[in-house]
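Order of writing sets the chain letters: A, B and C. Residues in each chain are counted from 1.
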Amino acid sequence: MLRFLARRTLGALVIILLISAITFFLFFALPSEPALMSCGKNCTADSLAVINKNLGLDQPVPVQYWHYMAGIFTGREFSAGHCPAPCFGYSFANQQPVWDTIVDRFPTTLSIALGGAVVFLVVGVGVGMLAAAFRGTWIDKLFSSLSLLGNALQIYFVGVLALAVLVSGLHWMDNPAYHPITEDPVKWFTGMLIPWLVLSVIFIAGYSRMTRSLMIEQLSEDHVRTARAKGLGRSAVFFRYAWRGALAPIVTIFGIDLGSLFSGAIITEFTFSLHGLGRLAVSSVTGTDLPMLMAVMLVGCTAIVLANIVVDAAYALIDPRVRLA
Amino acid sequence: MTAFLSVRDLSVRFATEDGVVRAVDGLSFDVERGRTLGIVGESGSGKSVTNLSVLGLHDPRTTEIEGRILLDGQDLTTAPESVLEKLRGNRMAMIFQDSLTALSPYYTVGRQIAEPFRKHTGASRREARLRAIEMLRKVGIPNPALRVDDYPHQFSGGMRQRAMIAMALVCDPELLIADEPTTALDVTVQAQILDLLKDLQQQTGSAIVLITHDLGVVAGTADDVLVMYAGRAVERGTAREVLRSPRHPYTWGLLGSMPRLTSPVDEPLTPIPGSPPSLLDPPPGCPFHPRCAYVDRVGGDRCRTERPEPPEGRGAACHLPDGAGRGRTR
Amino acid sequence: MTPTSRFRKDRARLTAVALTAGALVLSACSGGGGGGGGGGKSQGPGEDKTTSANYSIGTKADSAGPAPEVPGAKKGGTVGVLQRDAFNHLDPGQIYYIDVLTNQLLYNRTLTAYKFDDKGRGKVVGDLATDAGTASDGGKTWTFTLKDGLKFEDGSPITSQDVRWGIERLYASYQSDGPLYIPQWLSGDGNDFRKALPDGPYDGKHLPSSVLDTPNDKTIVFHFRQPHADAPFATAMPNVAPVKAEKDTKQKYDNAPFSSGPYKVGDYKVGKSLTLVRNEHWDPRTDPIRHQYADRFDISFGHQYADSTRRFLADQGSDKTTLSFSNAVAPEMTEKVLNQADTKGRRLLEVQPYVDYISFNTDRLKDVRVRKALAYAIPNGQILQQNGGATAGVIATNFLSPAMDGYRPTDPFDKKAKPAGDPEKAKALLKEAGKLGQEIVYAYANTDVQQKVSVVVTQALERAGFTVQKKEVDSNTWRTAIADVKNKFDIYRTSWGADWPVSSTVVPPLYDGRQIADGAQNYGHLDNARVNADIDRINAIPDVKQAAPEWQKLADRVLTDDVPGVPVFYNRQFSLWGSGLGGVKYHPVYGSVDPTGVFVK
């Protein structure tokens, strides 16, 4: 297991390095004048040159890349000031080290992603298992229709509806907002509840349908029949054998979903006026804040690659056949 | 006095999207303690369905079962699930065909063997583990105390099948149903497994139903033989009777299509022409008539219109006069 | 404002963005933005104020503090502020957009400022200065004297050297986003002024006293290259403000400006939130316009119009004491706001100094009769409808906004009576010119609203006898495309906002033939010697009050005789706020909600 993890981590590092190189060259090599982005509207050739020099953009791109990567570990000096490690550069837009902003936004994204994931995983898988257990009955049909409905809904629609009803209409909940869990766990929870629920609606539909079909598939597996032939009770067969078999694909998809949630849930953030990595990504794109965009992408990629490693590890725990491979 | 396992007029129907499938139709047979019944037939003939019905493993929402299945006098078709759960793996057990898919890949062999033992005897985890090791030793797994913690995929095919037998026998069942237990294995392993079954039967005196499409397996193992075709019994008798003097053209075909070590190597096999009929819409009269070479030997159109009576005791469900085909055996 | 300042208002939709090799597809969709389609129907909201603005130069008495008490005002409490877009600047030198212009009122004091009475009449008064300045040398030299008792947030006095520093730092190359009137008037047009003081004051150099003089701590003297009668308006721009040299952190000043106003920066999370807290060293007796009623302003960004409108409508909890500087009521919620009775006392609908035009390329459409026919045919009412209807604007009848001083409601193309255009008149003109079926290349940006607008415009033009060739242009390159003098389009939407309510900031940039250049704003490419001469004549009038009607006359003459375009609608700001706030009023120059007198009830 340790060797497995070590190997995968090494591989992940290579992938992240590759992605960083590709994005860096794409961003800094393709637009002819990155400095233009931070030059403002009364831009002159002189001020452009100054910016190029200050940002090191006058150097060859591979050299820039080297400085960039080295800066992550050692920090860098800019005309705007010292950028301590991990230095992902200075933002073109706000004259602050990019990392500070990432660190400020990441807890929001983490809260949205983890909380939402818990809700949609528990509810989605639970509903799917119920539907599979009562396959063909009204319970199954009800859940199937609800999941179709959930699938057709969009976050901004459900979100606006939830706000209008739960907050403005019934006054049951506060406006969604992020409060650090370390400062006030109750406020953190109540502020995040609506985003979690709304984010979950869409995922629940997918997870319940996936779980249902996986469970039905597993229930017709030979080894599940064997378990029944051994005299095991219905619930033992259902949970110990069928569910165990359905778990691996669920975990795989979950890992991927979680990974992409860690890189930001844009629509959720916009609907609920939250400031996570998703909004940061969008604002850095619209504002062509390349260092910020680069960092957000690196964080996003790292989250996805990490999620993949965790998925692989979890897969190995679930399925002994993978362990030796 | 009924037999230990007595199946009477069993009919099994499945509701499918295309219509109702009559998988088993009016089947009766008996198995006594200490004896082995071989049920022979092509795939789709209803052999496996019959035995899954005995264990009550069909989906009750899509399956309709008529007739009676008596285990030691108790009717299983009407027994509640809780009663069946107590019988399964305990008094009656099943060995499945493909041990690779029939064992769960997620749990150790030992755990899967120990599981029914704990459930039915209330043994502790430790006792059950010791029992699993003992069973593995009994079925001839070398180093059982080590291999008990292996996962199925770490076993070879023959070892897995042995493990499966160990699992089925862990509670000393009085009825053992073996569904094609050797099909997936090579010939030497096949013989070992069959010997093992026989040995174990001698020790425990259980009744065995051996399902196979291979008459060679039956020849070495079974006391009695039931030949099934299209969900019906077409011939029955002792193994010796059926193999020596088969009476049904289908049995002749099965024997003809069986490779024999004693045959000259250049003698071609003669498979039965055609394929088994659709159970959604079985042919009228004798279900075998579309493939039967002897339809014209029977007077009138009886094979096509009249359903032959199922055999009682020694006999065949065929309109041909007894002995008409005796000369076909080799 | 320059046309670029309109950019943020129009940026209603965020583009969908795809990141990383297929792994995560991020897509975003914001709520309806300013001028977003649909929503408000053109039934009269009953708050239709299109009366002319009236500005004058205030006296010394007008300039003296403290500001008149707001009736019922109380001290204390926190005012919440919901904004859609994050502030792009706090550095007063860089500020130009409506949201940050409004925000800086709270922490940044300027040489002069606008003071409005309760009838909406405006005066330019001295803010830091004792009055709105004294002109000499034929309007080329302007002298301002600072008040006593002015202090920065650390209690240190504000001197004329601090104001000089604030102006001189505008010469540094990193200062790129703010308006540049004062440095250009002092030192050179375009970006040439920067040569007078490269790197600004940072390496110890200063402008010579013949250009910018501080004879003592209280006096600052501007020596402009030309006469500028509207200098008191220019010195009300946020970058004519004091910056304390030792606190000037250059680019980083954007994150921590040093306050001279009633509030100072408490906590700033760039892109996310800004808290302004009381500045204890601000002395109300020196300030003619600002109050310090609330303890703090909690400003948070990322609130789509739909979100802020929902909160104001629900009016509960902390949202009761919340407002927005520039978020408009979401178009889809307009009806609801108008119909909900309790919003009456806490909303405003006012004309902004922004005008939407359709410009005619006079290089391509040389026959003035064709241009006149176009002007008649353009369906102002329907275009406004696509932009959000009556709460988003008022049908424009001439080139100048009602927010401008000296505005008169002239209507040469009969737009008030015929909001859908006058196809008959247009057709008659085309026939007369022998140009029936004239082909028009109509360019528009590929935004939601402009695509809808293009449909009604095309229909109207075809009804009037034109043949329309539509050219859709990517919205990202739109401005560059139409600002290209050699563009291959006949008509296109343009817009203009005045930096101050004097039409010298409108007519010359839009219609002076000598200002035709790539990227400049004479989109119709009008170059008429008579118009150019008139511009020079009116610019030389030393009194802005006398100049105002002249500008209106010239603008009307350009519209009737030269027709380099047609005005379509005057933008309006429709704002709503929480019921727990008092003293909320409109800022006619910025076109936003003025927070300086706001208090928590």
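Throughout what follows, contacts are C-beta pairs under 8 Å (C-beta built on N, C-alpha and C of every residue); 3 or more make two chains touch, one makes a residue touch a chain.
These numbers were taken from a predicted model, which means no experiment stands behind them.
S.K.: Chain with the smallest distance from its CA centroid to the overall CA centroid?
M.R.: Smallest centre-to-centre distance to the global C-alpha mean: chain A.
S.K.: Name whichever of A-B and A-C has more C-beta pairs touching across its two chains.
M.R.: A-C
S.K.: Distance-wise, how many Å sit between the C-alpha centres of subunit B and subunit C, to the nearest whole number?
M.R.: That pair's centroid distance is 89 Å.
S.K.: Could you tell me the distance, in whole angstrom, between the mean C-alpha positions of subunit A and subunit C?
M.R.: 40
S.K.: Approximately how many whole Å separate the CA-defined centres of subunit A and subunit B?
M.R.: 53
S.K.: Going through subunit C residue by residue, note those that touch at least 2 other chains and give them in order.
M.R.: Counting only residues that touch two or more other chains, subunit C contributes none.
S.K.: Going by the contact rule at the top, pick out the subunit A residues touching subunit B in the complex.
M.R.: Touching subunit B: residues 136, 221-234, 241, 244-245, 318-321 of subunit A.
S.K.: Which subunit B residues qualify as touching subunit A in the complex?
M.R.: Within the complex, subunit B touches subunit A at residues 55, 57, 61, 81, 85-90, 93-94, 96, 98, 101-106, 115-116, 119-120, 151, 153, 167.
S.K.: Under the touch definition given earlier, write down the residues of subunit A that touch subunit C in their complex.
M.R.: 19, 23, 39-44, 46-47, 50-51, 80-81, 91, 93-96, 101, 104-105, 156, 160, 163-164, 167-169, 171, 174-175, 259-260, 263-264, 266-267, 269-270, 273-275, 278-283, 285-286, 296-297, 300-301, 304
S.K.: Flag every residue of subunit C that touches subunit A in the complex, lowest number first.
M.R.: 2, 4, 11, 14-15, 17, 19-21, 23-24, 26-30, 82, 86, 88, 94, 173-178, 180, 191, 194, 198, 250-252, 254-255, 269-272, 300-304, 306-307, 310-311, 313-314, 316-317, 319
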